[in-house]
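Chain IDs A, B and C follow the sequence of writing; residue 1 opens each chain.
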């Protein structure tokens, strides 16, 4: 089915307006908010801190533990509070998208806890969560090789697009959603999921779109982190 | 907190209290500033609010659904309050289902709303005995700097004050389309929590103060009428303490009420 | 051959390329990848000749030998005390590194008990994070009165100031004894509780405003104003 014009009139390679802020949860060691369109994600980091139970400890390095949750009123039909299979899976893939960059060798037997909550959802939630989490980790002073940026790309009808919104995900002519996370410096993909139907060429086109999107997101993340310490100087 | 550390904190807090001061410079009866309310912080809720008291931050969202009434009140809507002490809001909170503290928080907020009859439940009846509106009030702590109870109760009322009933078509709710009809919120109860620290009655405890308090009392007011009480903490309160707490809380509840739109 | 991409005192985020070329040498908070020197943490760039370093702006306390720390006794064994020093791993103070001569089979809680606050020095940190403490040294002891203020560890140097100028100014103005732990814990004790509050407030002010020039002057003004009250 043809998808002539995007529901919100965006260009195929245009993402929704984004904003980011760091330091939104004062008690956390690091925290950040990331918004894309109507999707708002908040992430907070505690750690490195002692990890209990002891059997989970790794004597060679600290571990990263990510928790993803959509709050009950983030979606039109109330979601019963608490974890479900989807949030459990997203916690896992989020952790795996951030593990390649965090360096916890200096902190054996510890854990870095990352809590991601979606306050308002309109598609692209796991990607927004990863964007927020990566800023929160940097804000917490966790040693990292790079930040991680994430965006969803996909196919709606017959068009390859970036940053699908809810309407596009639910498009009756068929939609394929592809969340992608990348490290900006060497463009390594650390999260890749897909559900739908695409050819290899379409996938590669979508990934190249994702790369461009992640580059833009990285600049926003970078600026949010620098803005938090604007004017920091030593006398 | 181990007892030696508690003693060190306590003796410092105590020496300040004897001069009518607190660690952050407030007087014993003062709430932190700023107290702010941001309305409609989440579009998919029928009503929502974010409240900050000093650095404590709580968000509450209200969602409506249609369901069956309880058999003993066939013409009344229902209120369901849940709370989560999110691990994101404090290094002391653990992941997992709501524990005792989260449950207590939810029930304190619930009591304030229910017992003051803040919501006219009869107006939430659609078809007696068959269909009524269910009002879900979900509380999420975002940053715990002390006194989550008062921030939660205030956010709940603020969120309820914004709720408009969603459109119903063919017996199904069309979420996202709101009618002009407001939720029948006829009262705005305010809950104020007072603590007792080494014999002194103190309002709006911050984190360090909460760790050294011996008891607390949460009071839900509508004007000067008391609709709910909850005592917490492992030490006792004298009747004199309670009277002092009620007086201090009543005054503060009027100040908090002013912050509501 | 080489090029510095970020200026001294600029803020860098993880993954940002700070310098290119083999002329420059990566120091703390940075690493080399091919010919690039890259930021490993959120921090402030510090260029010293050919050394490119990052001073972290946030992050937990990482103990180093010779650090003075303020710890809390959380466990007592036959021959040592275990202290929480605001780091993920507990630190150990063994009998032989404590101040007094302690008999064998003595009840160690008589010297330092659960919950006691102790000013100690880090003597050794092994690769797998075993941390040894000592209370042998000037000023190191159990702290009985006063209060502990907690700040972000990375702000401690600012609170101490160049050649301890900032902290000395606060001590003198408020007549308070102050021990600044590298682990972000600061002990303050003044004979006058009001002056203690002013000292505490001054320290918190430095933590919040560790940016901007002229901080030392503004703290001096703050102290003058608050102490006149």
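One rule holds for everything that comes next: a contact is a pair of C-beta atoms (placed from the backbone, for glycine too) under 8 Å apart; a residue touches a chain by one contact, two chains touch by 3 or more.
Everything quoted here is computed from the prediction, not taken from an experiment.
The touch graph of these protein chains is complete, with an edge between every pair of chains. Of the two chain pairs examined here, B-C and A-C, the one linked by more C-beta pairs in contact is A-C. Taking each chain's centre as the mean of its C-alpha atoms, subunit A lies 33 Å from subunit C. As a whole-number value, the distance joining the C-alpha centres of subunit B and subunit C reads 38 Å. In subunit A, the positions touching at least two other chains are 49. The touching residues of subunit A, counted against subunit B in their complex, run 25-28, 31, 38, 40, 42-44, 46, 49, 67, 71-78, 81-82, 113, 115, 117, 119-121. The residues of subunit B lying in touch with subunit A in their complex are 41-45, 48, 55, 57, 59, 61-63, 65, 82, 84, 86-91, 95, 97-98, 136, 138, 140, 142-145, 175-176. Here subunit C touches subunit B in the complex through residues 72-74, 113-117, 144-148, 193-194, 196-197, 200-201, going by the rule given at the top.
Here subunit A touches subunit C in the complex through residues 29-30, 47-50, 59, 62, 101, 103, 106-110, 138-147, 183-185, 221-222, 225-226, 229-235, going by the rule given at the top. Across the interface of their complex, subunit C is touched by residues 1-9, 11-12, 15-16, 19, 21, 23, 25 of subunit B.
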